Amino acid sequence: MEILSQILQVGFFAALLRIATPLIFGTIGELYAERAGVLNLGIEGIMMFSAMAGFSGAYFTHSLWFGVLVAVLAGMLGGLLMAVLCVSLGLSQHVSGIGTTLLFSGLSFFLYRLIFGQPSTIPVIEPFRTVNIPWLAKIPIIGPVLFDQYALVYLAFLIVPVTSWILYHTPWGLNLRTVGENPQAANSAGVSVAATRYQALLIAGMFMGLGGAFLSMAQYNAFTFGVISGRGWISIALVVFGQWSPYKSMAGALLFAFIDALQLRLQASNMIHIPYQVFLMMPFVLTILAMALVSRNARAPAALLRPFRKEER
Amino acid sequence: QPAMAAGNIKIAAVFETPIEEPWVNQIHVALLKAKKELGVEYTWSESVKAADFARVMREYAEKGYQLIMGDSFGTEKIARRVARDYPKTAFVFGSGIGPAEPNFGVFDNWIQEPTYLSGMIAGKMTKSNKIGVVAAMAIPEINRLSNAFCAGAKEVNKAVKCQFSFIGSFFDPPKAKEAAIAQIESGVDVIYAERFGVIEAAKEKNILAISNMSDQSSLAPDTVITGPVWDMWPTVKYVVGLVKAGVYTAQDFGGFSYMGKGGSYLAPLHKWDSKLPAAVKAMVAKRKQEILDGTFRVDISESAPQ
Amino acid sequence: MTTTAPLLQMRGICKYFGSVRANEEVDLTVTPGEIIGLLGENGAGKTTLMNVLFGVYTADAGQIDIAGTPATIRNAADALHLGVGMVHQHFHLVSHHSVMENLLVGQPGRWGQLDRPYIEQRLQEIRSRFGLEMNLDDQVRDLSIGQQQRLEIIKALLRGARLLILDEPTASLTPQEADGLFDALRAMAAQQMGVIFISHKLHEIRAVTTRVVIMRYGRVTATVVNDDSTTNRQLAELMCEHEIVAPVKASSTPGRELLRLVGICTAGGLRPALQDIDLQVHAGEILGVAGVSGNGQTELADVMSGMLTPLSGQMWLDGQVLRKITPRQVQRQGLGRIPEDRMHTGLITTLPLSSCMVLPRIHEHRFSRFGVLNRKAIRQFTKEQMQAFDVRASGPDVRTGTLSGGNLQKVLLARELAWDPTVLLAAQPTRGLDIAAAQFVHEHLLRLRTEGKAVVLISEDLEELFALSDRIVVMYEGVINGRMPIAEATVQNVGLLMAGITEAA
Amino acid sequence: MRWRLEIRDATPLWLNVLLPLLAILATLILCGGLIVLAGANMFDAYATMFSSALSSKFALTETLVKATPLIFTGLAVTIAFKAKFWNIGAEGQLLTGAMAAAYVGALEALPGWSLIPLMLLAGAAAGAATAIFPAYLKTRYKVDDVVTTLLLNFVILYAMTALLDGVWKDPISGYPDSPDILSAAEFPVFLARTRLHLGVLLAFIGAPLVWFVMKRTTLGFAIEAVGENAHAAAFSGHKTSVVILASAAVSGLLAGLAGVGEVGGLHFQVMATISPGYGYTGIVIAMLARLNPLGVLPAALFFAVIITGADSMSRATGVPVFLADVIQGTALVTMLIGLMFTRYRLRWQRVVHSVQEM
């Protein structure tokens, strides 16, 4: 009963959307890469790097949106590296991804130190404010939940239908899916596999960049070391959980956020005395369980993990 | 017994976290001050993983640093083992256990006194009678503060209820912020920001916050009333003196972090100097004096807060 | 010389893969209305040449003129743009997409959206011009091989191909489907298109082409006009270095029953379900299984080799009933198996040849003891088998995938026959093989028969079935709807059964 | 397409030697740029880096000690990846191994001589069990192994901190660390005043042993066959799920031993931060070694040199420590590119033009 009263609060749902936002960005980004046949394990490092770059951009220009732009470019840089490694050079996607994460997270901290030194109080920016959509925000209950959020939250929930539309209703989306299923088929239909995968990875990087930007510029107002804290890895899990579908992946992100928001409230309410780590691991355990239930019908893009070299067979 | 240090001594610090971590930062700041004012040589390593901790300590010891300091969240025993192998080097580490002969001295962030005082302020300032603590994890150092904060509040306001949340890591400000928001939404209106991220939530939600470890008023002058500050300077100054004089022995330097020695205090009120009700100010000042006089002792409870 | 500009003129094409000279100074001309047959042994360079033309490979030297103007073909998009379409030896279809999606790939959209109406309209045109039809909303994975073939051709025509390349398109078509395809090709030629048709089946080449180009070791060695003056034998001789002699089938009387299936049923779903399959095969007998691809032959082979667990039914091998039908069990009971897909089921192309050769028998005492491999024995055995079956490869350590199709098939035969199986299950054993290699396989099947073994031969090549089998059964939609001794079998009655028309009806 | 990659018929030996060296050189030059950016002298910095990893007994033994968990996790990943069981979970398996070892090592009821062998056994078993679970989900329910192994790392980490925070908390320090193991359970050290412990020896024995299993036994044969083509292996009578489970077990066992080594040889207790991501680095090591168990040794040593060396270098020169991660990442990338050219060559491809003498 008390749990119910915790959930049925405006703030709970608002928190849910906020927590889900970086996950949605990461998940949708990863989705583009995987639908094109590339597992981007670089996501954790790329999100970290763009969180840092975006924050620095905003810090020095005092323009948040400029910071977002920098974050997006930084994310695309990460996508580009992945593309060079596992598209142009056809290297193993696992290693390219782990290498990218290693390199980009190292680089984030390194550059952060170079730029900001070792200050005794961490540099902060004035973060994004929530955008209150006039009239709509006044609607009781759903108003404050849906229409009083950060601009990037709106964007996150916007890119889900847009992505779905792109994937299933545009020529480019079809080419992308074909590249991820059967690169030979795409190639012989005149679609450049390499170019498509490059584009997919760049778009993926862009969204990962937005995820990073959200964390260091909206949800928090500084870049610190734990700012990503595994959210990239979780995004990878959510793509599989969502069976490579944008809407289902979003549902996964929302479920994950639901559990996280709930555990924060249960902890605070002192209602149940179990180790707080149990709450922390709940999202992970539930994701594994849910996957065990749905996986039998799930099917990864057939060409996932396979490099494509034109003249090889 | 460590030998007499000739002239300029060399100090190294080994920190497990990045230098931004609030506790580590206080040690670091004090050592920087020692470099400037006492003319010691000072180098440090940040972000030294537990797995590398011993190696880095040994490296400094091998290189002839006379004093090695550092934090030790999970590296306590590692540090002790290394110290045993270098009896001529002085080691001073944050620790919950006592010193170890001949050369392993300890300190701790005994800042429960100012934390208690800020708890009293929180107890007076809350309107909902719900106050909160968002902390990293339930380890003794943190429990001590959480409990002192809550006890201070309860002393002045019997109706106060305390809520505690742990985020499970030392660094995850977005999560700390969400945890704080969760508390605020359940009615908390004064919150103790043990970790980064909490003050931002308080500011956004227009409630009051108590900072931690350093003076963080600048982050949100209207939100942050005050907060306990840990000052490692007295400790550092004393230890450096001992090492310089060649009379260093393994001791518990924890006492130097008490208010009485100037090792901890309540952060300046800044803007709140004028906003805080005079009665509250007077009450805090009185209790502070009693602590300094030794007539009031803040109870130390290191069990996980309930 | 013809007066009209040739549709295609390839001159001096060279293509090397490392040290392999796949194409050397190749010239090829196609004029409008021509159907060119491209003939050559496995590995002669036919596919490579076509891949160069289609932009999949970039030639090392040479020039390509399309419709009289020099063309630069860097990729398939260029080729499609120039009106060259290609149906690959292995289909390039996305099996989890719909027919519509497969047709739309690489097509520009309208208003940024997929342009379905355009495809519908083009499909209408293609239907009226060439008589090819397709249901747009089917999933490719539900289509039969013949339908997938058709889809590939439509895909090419849809792009306005004026020159169509078909690389071994009939390898798994039924005679009727092949005839349908030939009608379409003739219709194209009649409309002044050019067609390049690759096949190992001489009768097809003879039936449909106007001119035959013969390749050998990467070079064009002969060009023959296809008319009454040329004979099959001539073509075969131009193509191969050694003489082709059709194997003779000695008479033999069936002995005791070696294999028996009773009431085999399997679950349906994406694959056709087998219903109540009963079969017996006797010593000294080859049983042919005919049927249009996708009517349960693959499933039958999978059940027999233990890869598909039947819902009900039993299997006897050499008089003993199998408790569980698993790969291990059927092997142990003396069933040798040549799977339909040698590259993906039979062999592991990335492993050394020697590993593939002992893959099913690695636990035998001869090859390993207490879990430790006897590598000497393995290599020795591989060498012996390579010698015995004339496998042409540099040695037992060579990567299996680098062998040609014919040699891969020999490896499989060598592996399975080494154990002296009492029954051999051979599924499509000559698919894609050139005449010489196919001959080699046939000889071995017949040898088993004379040795008093039993063979189950599943094939879509009626000619092959008629030449080798003692009895034929026909499969249609998962049931055996006809059985007859070979003496009674004709292309007509078997063809009707394959189409599902039983005599009673 | 102007430049294209062409597969080599054979790789000359000198390339196999030269290319990794070139890769290292490229890494040093690229990261040298960052060192200069940080205001230090590149040559001094590198001199410090290599000397502090290699130049003294202390440095050398520390490098070997550092390489030990990397060898174990590298081998673990090698075996799993060979079977195409994408085990990203060596990290979690290391943790369970470490926990088991720390638990057994602190049991007073056991005779002293039995502690070390039992710790090894328990750690190996715990690691194996941890890896078998996701492998079972994969073979039985087709659950994506990349995701389950990855997520399990978090679950295990939280479970471990919950234990350390609760029932298993060291009663003396009150920190979320486990109590110390008994002194009889501490691994013997081979060289006085160093930390060259039993685990180091085991790691260096382990690599050839794993090589033997992979190349010379039926289990290795089956693992490779199933990994390369599970369908074909099944057709030939191999039980693919059993083979995958077996490879997962061996993989987890090795990762578990990495944890045992850290507990028995270095820390004598478990804490939440016992592994700075050795499980993930193991993936990198395994791939650098091109999934060859013997190659794991040089790859792990190379990484150990970078980690210890770059660490000391950054301390000596004031370059931010995070350079060590950057060097590792860069080294991985350049090494991958370098190794690729042992299999491929870059060839200038003329786009077809007219042949003059037609």
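When the chains are written out, they are named A, B, C and D in that same order, and each has its own residue count from 1.
Everything that follows uses one rule, which is that a residue touches a chain if its C-beta (ideal position, glycine included) is under 8 Å from a C-beta of that chain, and two chains touch if they have at least 3 such contacts.
In this text the structure is predicted, and so the values were computed from the model without any measurement.
Trainee: Tell me the chain pair with the top count of C-beta pairs in contact.
Mentor: Looking across every pairing, the one with the most contacts is A-D.
Trainee: Centre to centre, by mean C-alpha position, how many angstrom separate subunit A and subunit B?
Mentor: 35
Trainee: Can you work out the whole-Å distance between the CA centroids of subunit A and subunit D?
Mentor: The mean C-alpha positions of subunit A and subunit D differ by 27 Å.
Trainee: Find the geometric centre of each of subunit B and subunit C from their Cα atoms only, then give the gap between the two centres in Å, rounded to an integer.
Mentor: A distance of 76 Å separates the two centres.
Trainee: Mind pulling the subunit A residues that touch 2 or more other chains?
Mentor: Residues 109, 277, 280, 310-311.
Trainee: Mark out which residues of subunit D touch at least two other chains, giving numbers and ranges.
Mentor: Subunit D, residues with two or more chain partners: 1, 4, 6-7, 158, 161, 165, 322.
Trainee: Where does subunit C touch two or more other chains at once, residue-wise?
Mentor: In subunit C, 17, 58, 75 touch at least two other chains.
Trainee: Could you run through all the chain pairs that touch each other?
Mentor: The list of touching pairs comes to A-B, A-C, A-D, B-D, C-D.
Trainee: For subunit D, which residues are in contact with subunit A within the complex?
Mentor: Those in contact with subunit A are residues 1, 4-7, 34, 37-38, 81, 86, 137, 141-144, 146-148, 150-152, 154-155, 158-159, 161-162, 165-166, 280, 283-284, 287-288, 320, 322-330, 332-333, 336-337, 340.
Trainee: Can you name the residues of subunit B that touch subunit A in the complex?
Mentor: Per the stated touch rule, the residues are 17-20, 25, 28-29, 46-47, 132, 137-138, 163-166, 168-175, 177-179, 181-186, 188, 196-197, 200, 214, 216, 218-219, 306.
Trainee: Within their complex, state which residues of subunit C touch subunit D.
Mentor: 11-13, 17-19, 58-64, 70, 72-75, 305-307, 326-328, 331, 337, 339, 344-351, 355, 359-360, 362-363, 368, 371-373, 375
Trainee: For the complex, which residues does subunit C have touching subunit A?
Mentor: Contacts found on subunit C: 17, 54, 56-58, 75-77, 79-81, 86, 88, 90, 92-97, 101-102, 104-109, 112-115, 155, 159.
Trainee: Subunit B touches which residues of subunit A in the complex?
Mentor: Against subunit B, the touching part of subunit A is residues 6, 9, 11-12, 15, 18-19, 22, 109, 118, 120-122, 124, 127, 215, 219-222, 224-227, 229, 260-261, 264-265, 267-270, 273, 276-277, 280.
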